[in-house]
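Chain nomenclature is as follows: A, B, C, D and E, assigned in order of appearance, with residue numbering initiated at 1 for each chain independently.
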Amino acid sequence: MYMAKVVGNIVATRKDKSLVGYKLMIVKRINVKCEFIGHEEVAADYVGAGIGDYVLLCKGSAVRVEEQKQKASIDMAIIGIIDTMDS
Amino acid sequence: MYMAKVVGNIVATRKDKSLVGYKLMIVKRINVKCEFIGHEEVAADYVGAGIGDYVLLCKGSAVRVEEQKQKASIDMAIIGIIDTMDS
Amino acid sequence: MYMAKVVGNIVATRKDKSLVGYKLMIVKRINVKCEFIGHEEVAADYVGAGIGDYVLLCKGSAVRVEEQKQKASIDMAIIGIIDTMDS
Amino acid sequence: MYMAKVVGNIVATRKDKSLVGYKLMIVKRINVKCEFIGHEEVAADYVGAGIGDYVLLCKGSAVRVEEQKQKASIDMAIIGIIDTMDS
Amino acid sequence: MYMAKVVGNIVATRKDKSLVGYKLMIVKRINVKCEFIGHEEVAADYVGAGIGDYVLLCKGSAVRVEEQKQKASIDMAIIGIIDTMDS
């Protein structure tokens, strides 16, 4: 997992049908100083995140452990909204 | 997932038989300004994408969740055509 | 697996329910000289690590092999406290 | 998946028994101009590739989808010989 | 898979119980000229490797295909000792 900021969203009308119903957010990884690292990625939103939120990103098969997500072509998801990070 | 542009395609006559029937596109990752990032990769096309399209790329076991894809040696796929990205 | 140092922790009230009960630590990869490498990541703590500890990080599906973790959206975990590393 | 060139091979007498019978090739990733990218990796050869061939590389669990490969400790394989790449 | 050299070992008394019985080696990736690439990683030793050996590293779920390893939190393993690499 890593920390990221939600910076935008994606609209894709033609897409794999397993993605229907998921909000696809553009996210950008951050460090503990909230500085951006690397490049934008796209994550399915599982927790109702909004643009500007600091979030927890999860990737790989870990995002499809829930029964109703096992057939979704999702490899990255927002799984938490960060309240505070102490370091 | 990340954003990419379709930049070409691959012809491979001799290949793993599980790949027969899939269009193999050369894709290159982009950022929100549509600038290229990194190097070319190869993705199976699941949505009928064409050269020049901006697409959504998915990787790992997420691209084999559908019943008829579970026996395909595919680790990356185009799963959506991007209409707009706002940030 | 790689070596890391625990540098902080994350509080996220709104999160995927499968994460409830796990301590989420901010970790930073180190080399054998204990110098930091790369950027902060977030790992679930499986072994009772504290801030300042040198730990062993594991990622991917390997962190969900135990029965009671198979439904947790965790892709990285602290699986050991390093006593010594010789090289 | 990505494009690569076969540049050598590996001999390992003492190895995990699940690898017996597989040719292990040294491969190096290329871009569309056939220039080398990054460092050498080792892939099991599934299609009868030879040194100098331009090939398609696949990684992760995708290389173990076939029944008789499910118990092999292989995380990267050559799954096609590239005839042409247009871009 | 990639080539690496065993450069040390890790002692971790407090660890995930699934790791008990595995030797944890510090490894560093190499290229075909045996020059070091990148940073140290930690791999479970499956083949009886020693410090100074040139080895074959495997990662991901591929290192847990064997029955008795399916419940081990291991994401990287030494699966062969390299005799020769020709390129």
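Please note the rule applied: a contact is a pair of C-beta atoms (placed from the backbone, for glycine too) under 8 Å apart; a residue touches a chain by one contact, two chains touch by 3 or more.
The shown structure was predicted, so the numbers you read here are calculated from the model rather than taken from an experiment.
Contact with chain C and chain D alike is made by E.
Note on connectivity: the fewest chain-to-chain touch steps from chain B to chain C number 2.
Rounded to a whole number, the gap between the C-alpha centres of chain A and chain E is 31 angstrom. Work out the mean CA point of chain A and of chain B, and you get 19 Å between them. With touch defined as above, residues shared between interfaces to two or more other chains in chain D number as follows: 60-61, 63.
Order of chains round the ring, from chain A towards chain B, by the touch criterion defined above: A, B, D, E, C.
Touching chain A in their complex are the following residues of chain B: 1-3, 29, 31-32, 37, 46-48, 56, 58-63, 65-66, 77, 79-87.
The residues of chain C lying in touch with chain A in their complex are 7-16, 18-19, 24, 26, 39-44, 60-61, 63-64, 70-76.
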